[in-house]
Amino acid sequence: MSELLVKNACVIDPLRGINAETMDIAIRDGRIVEEVSGAAEVIDARGMLTMPGGVDSHTHICGTKVNFGRYMSPEDMRAGRTPRRGPMHATSGYSVPTTYGNSYRYSVMGYTTLLEGAMAPLEARHTHEEFIYTPLQDTMANTLFDGNWAIMEAIRDGDTKRVAAIIAWTLRAVKGFGVKLTNPGGTEAWQWGKNVSCIRDPVPYFEVTPAEIIRSIVEANELLHLPHSVHLHCNNLGTPGNYTCTLGSFGLIPDLNPKRQTLYATHVQYHAYGGSGWKDFCSKSEPIANFVNMRPQIVIDMGQVMFGRTTTMTADGPMEFNLYRLHHDKWSNHDVELETGSGIIPVVYRRKNLVNSIMWAIGLELALLTKSPWQCLLTTDNPNGAPFVKYPEIIALLMSKRYRDAEFATVHPDTGSRVPLPAIERELDWYEIAVMTRAGQAKALGIQEIGKGHLGPGAYADVAVYPIRIDDVDPSVDYQKVIEAFGQTEYTIKRGRVVARRGECVVDGSNATFWVKPRVSEAYDMGKDPDFIEKFDRYYTVRMRNYPVQEEYLNRNRCIETEAEI
Amino acid sequence: MKVTLVMKPATKSFIPIEAESIVPKNFLAGTDLSVWRGNRELRLDEVFSISVEGDADRVEDVEVVLSGDTSRLKRVGEYMDGGKITILGGIGMHCGNFMSDGTIEVHGNADGWLGREMAGGTIICRGDAADYCASGYRGGRKGMTGGTVEVFGRAGDFLAESIAAGTVIVHGDAGDMAGAEMHGGTLVVHGNCSRPAANMKSGSCYVFGTAQGMLPTFRKVGTIQHEGRTLIQFTGDIANRGKGNLFVKDYKYLD
Amino acid sequence: MIVKDAVCPFCGCLCDDIEVEVEGGRVVAVTNACELGTTKFMGEKRMKNPILRDGNQWKEITCDEAVRYAADMLLDAERPLLYGWSGTHGEAQCVGVHMAELVRGVIDNTSSVCHGPSILAIQEVGHPGCTLGVVKNRADLVIYWGSNPIDAHPRHLSRYTRYAEGFFLENAFRDRKVIVVDVRRTETAEIADEFVQIKPGGDYAVLSALRAIVQGKTETIPRTVAGVTREQLVRVANLCKSAKFGAVYFGLGLTMTRGKYKNIRNAIELVSELSRHTKFTISAMRGHYNVYGSNEVNTWMTGYPFGIDFSRGIAFYNPGETTAVDILARKECDAALIVGSDPAAHFPRRCLEHLSEIPVVQLDPYPNATTAFCNVQIPVAVTGIDAEGTAYRMDGVPIRTRKVLSSDYLSDREVLLQMYTLMQEAKGQ
Amino acid sequence: MTYLMLTGRTVNQGVTVENKTSAEYAAETSTCFMHEFDMLELGLDNGDTIRVTGPCGEVVMRAVMSEEVGMGTVFVPYGPYANHVVAADTHSTGMPDFKSHQVEIEPTDEEPKRVHELMEDLGGLAYDR
């Protein structure tokens, strides 16, 4: 039995409605408990800001595409190299660090739970292998269904239950967590070098539209009672005027789940563009945020862009090719048979560039114009908008109008006429930041019930203690202190153990992977469906028996079983 | 101030020594520096006999002279920002990497990556320079961005790869793929070389000898007079939508 | 006993439809595999016990002694080289990386002498690729450039290209065109619809010419380029542009010839150019079993796919300097651990001369050419036969290999973990 | 006479590669495939032994006629024989010129060595003769 007591913590725990109360946190054997014995190890938090461990509900840290980003970028690897030191292994990389680099840097910032945003089912084993070497965070993987042949055929046949059955079989097989749609239909079209422009374009051959794919999979997701909602990367990312497509996609979504949203729309910054081309490119954050404000069934994340060098990577292959044609730097693409694809290019976001400046503003606007912090979560779509190490700066920008104005003065001079940002006075408070970086993310992922994202008794003892006393600091003025505090915890506690202390990781760690197993009736077990099996055998290049990810790839894991309605 | 470093005969002669600490600036604070042989850290005086004459307050007044068998000494002059390094013999890989100012003179031959990603200053090599002289780094877009490298002997393959600015002059022959991916700057080869300026985007490449294996994707423009020579002018590499200039005395396709 | 859906441990195709019949602890029959895979499954003549070179003879030692020897050798070295890795599974490769990091050595894999140049090219311009099934189901044009699958990847043609059925091809054999580009008229060239024979060393020029022609700049191109007529080049460019889905598979014909990675870079840039007109992909014909896996493992753990030097604690990468052939030829290492490869058969002689001068430990099931240079060899289970683990197919698809029989041999991972444990203890961790 | 030597994979090299002490592996990897006319010029019959001299050494192989190689080019399966003459220079890329080596070829009466003999010539000690 191991016990730990974090005393005199200034706790913000939004899922329990606790806002800056000084209290003690008792921990036994990795869980929060009511109280511990006198033998417990004691950490005196001395009034420091203490929150549940950070949760990132959309990041790219592990798997085929991320690793290819590393593989093709030795020039990125040169930045951020550290030697093996104590329990810490060597690390390399800035925008796409090694797995240890990701894990240590996230841990130092207080993050204990990460969702890999896009896993191709055929290559799931790779993601899980890298999870093992991401030791200081619990992990889960969104599984890509955007160009799944069997699902598109079922949709064409109008059989939503079959769609659900295929999702159930696949999630179980690949040990996935949630359902991800990246440019639905577009990734299949891209395997012919084509794309879909918005939700009403039919997918070549399959003759279903993105709208049909979204609708059907949203319904299937709820039939399966998955913890997380459908996680959507809308069509038409990154193009001027795409906000109408985004609003059209949002408009498809009914409110089907009382506990959480029905749609999680990711990196909406990239989908909130006005204008008819780059010349009149402008922000359309207002209509998007207004729409979200009226629709509790929708949660978005920012996809904030920060200036500097990074690497973009997404399953959205055609979008990456368009970016490549703009930048003409290196370009990688990886189409995955019968399922999806991905693309990668390095980019530099520059303050002197008008489009980049507008993008930077849009992300902030979405966070500031969305009334409820539970509906707009803080991300950069790491590393697409910026590496996650920029989160502290984003927090400070959201908390300080003064900081925003100071930064705004350095961006392209024409930005002001294209974005509403300068007129927005709102400054988020500590509680709202806690929602956007852990509580809201846990709720959106549907993992609060299994003990993530809060500090209630029974929860996982994942705690971040930041070296800042919120009564002493006015974030709108002392934004530099906010950046420093969120950049490096005093203590990061993961499953009851101190894993990071003032910038150093102190244990080797061992993560857990969360995955979902929906229980379906015999009739909907795709593993026994003759048509499914026959097509699998004919068109995949791996045998169906060799497809599922074995238990060996989950060293410590938690399977979330759901009772499906099929 | 003149710092003389005489390399002691080595026991494990084949393990290279990395000596990025040997830059003039560092000697302003003394000679208490270290170098690495493989994974072992050694004091500078374990590897060199050190003598210092005079003193200096500014890096411009520091000259470091290296002698002995320095042909396996790597990374000398890395990030050098002023002063002078004179190497009486040959020098190992990565001499003058990232250099921004000052002068390095190598009297013998230089091993690979001489002046890699150099941004300014001057490197003179009296002997031959091996592969990747004045080049970039793996995966990087920009190689050399400024300064001058002059080699009086021959140069190896991939000379001035990805050069973006600055000048590289080779008095002897150069190897294969000289000036590959060039997108700025000037490359001059007095002798022959093969497949010059492959995939070039911009910049100027001069070959006063014969361009062997001349690539088929350069468009002949005419002839020019250059420093008393008649050179044939090409533009390209059209495969890469390039608009660079390639001037050669003579050329031969692999037809 | 018959093991179904076993994974072939020979080449980068990782065919996973193999049936292996086992009787009395021996493989007696193999179905579906090519000749290369069948022979590998049925391999015999394993080394029985660890051996130690003692002057001019060999003596058998225990596994513990052998492991201790290896650990001490690596701990004592100033610049140990940990080389090979393609013949083993990812789980063992991970231990290898941790060992290299701990003793501050250089870790390199066999890609430095196969597709290392392809990786260098990808690092310059990226890689538009896809999984093998995408090609099988869609490609109406396949180009084998400097690769000879009939000899090196015998089932590539039947599983994915020439003879494979495809979802979007009505009659795959008729509707799919195959172009072969090579300096030799190989057997693969014989089954092509179009064979382009290039003069040795001419690939780069031909690729450049094709890029220009695809852009419509045919007039600049000389009448022949490296032995290929302009007419043929135009024909090939038109075939490419009119394809609905084109796939290039290139081999060591591009990586091992003059220009090395620049050839691949040019091929990738041709494909990127063609992507403006139609769908095109390009992929390397990875040869040695799990070589791609060792690139993947190295990349997520160190940031670089091969040739990683930890001498200074941090990972330094510079192929040509930190790669095995260069290090050995320049005598820049003072010990070598070889796992899952046979450098003595595949490296130039000068490298072997240095191997004979330094302590060498090898993990390999069989006596091989490198055995002659070993101070210690530890026989291990054959990955994919009596050991299981993860291997990455040439297109990046990770597959778990099946164990088809049991043996008393330890796996590479088990032996390496023992070494690593000793090394950690010695380092006080 | 000077030829361009290419090395590469063959099926026979592949099936014997895990059994390097076998006569079959030695036979396959010591085969030098040549154009008919080149063999005529050197007065070689199929299976005759030849001395191949490269930039860093020489080795005895057997000449075998092949329609796959052009005149002036010879092909040798990957292995210790070819590598006995291949130079270790990689042009600083990590990769030797396995497919672009100039070699001299002349007829000889000597027999090809066995693999372990080649290894012992370079300082190794054969384990399994």
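Note that the chains are named A, B, C and D in the order they appear, and that numbering of residues resets to 1 at the start of each chain.
Simple rule for what comes next: a residue touches a chain if its C-beta (ideal position, glycine included) is under 8 Å from a C-beta of that chain, and two chains touch if they have at least 3 such contacts.
Since this is a predicted model, take the numbers as computed values, not measurements.
Student: Please tell me whether C-D or B-C has the greater number of C-beta pairs in contact.
Tutor: Most contacts of the two pairs: C-D.
Student: Indicate, using Cα centroids, the chain positioned nearest the centre of all protein chains shown.
Tutor: Central by C-alpha mean position: chain C.
Student: Distance from the CA centroid of chain A to that of chain D, rounded to the nearest Å?
Tutor: 56
Student: What is the distance in Å between the mean C-alpha positions of chain C and chain D?
Tutor: Taking the mean C-alpha position of each chain, the two centres sit 22 Å apart.
Student: Let me have the rounded angstrom distance from the C-alpha centre of chain B over to the C-alpha centre of chain C, please.
Tutor: Their C-alpha centroids are separated by 33 Å.
Student: Distance from the CA centroid of chain A to that of chain B, rounded to the nearest Å?
Tutor: Roughly 45 Å separates the two chain centres.
Student: What are the residue numbers in chain B that touch two or more other chains?
Tutor: Residue numbers touching two or more other chains: 112-113, 131-132, 137-139, 176.
Student: At least two other chains touched by the same residue of chain D: list those residues.
Tutor: Within chain D, the residues that touch at least two other chains are 91-92.
Student: Give me the residue numbers in chain A that touch at least two other chains, ranges are fine.
Tutor: 72-74, 330
Student: In graph terms, nodes being chains and edges touches, is this line, ring, star, complete or other?
Tutor: Topology of touching chains reads as other, fitting no named class.
Student: Write out all the pairs of touching chains, ordered by chain label.
Tutor: All chain pairs meeting the touch criterion are A-B, A-C, B-C, B-D, C-D.
Student: Tell me, which parts of chain C touch chain D in their complex?
Tutor: 10, 35-36, 39-40, 43, 45, 51, 53, 56-58, 112-113, 116-117, 120, 148, 150-152, 154, 183-187, 197, 200-201, 252-253, 255-258, 260-261, 287, 306-307, 319-321, 323-326, 328-329, 342, 344-353, 355-357, 366-369, 371-373, 377
Student: So in the complex, the part of chain B that touches chain C is made up of which residues?
Tutor: 12, 14-16, 18, 36-40, 93, 112-113, 131-132, 137-139, 176-177, 180-181, 195, 198-199, 213, 215-219, 237-241, 253-255
Student: Mind pulling up the chain C residues that touch chain B in the complex?
Tutor: Residues in contact with chain B: 77-79, 103-105, 120, 123-124, 199, 201-202, 204-205, 207-209, 211-212, 215, 217, 220-227, 258-259, 262, 265-266, 269, 310-312, 317-321, 330-334.
Student: For a test of understanding, state which residues of chain D touch chain C in their complex under the given definition.
Tutor: Within the complex, chain D touches chain C at residues 4, 6-11, 14-21, 29, 56-57, 67-70, 73, 75, 78-80, 83-100, 115-116, 119-120, 122-128.
Student: Using the touch definition from the top, list the residues of chain B that touch chain A in their complex.
Tutor: For this pair, the touching residues of chain B are 137-141.
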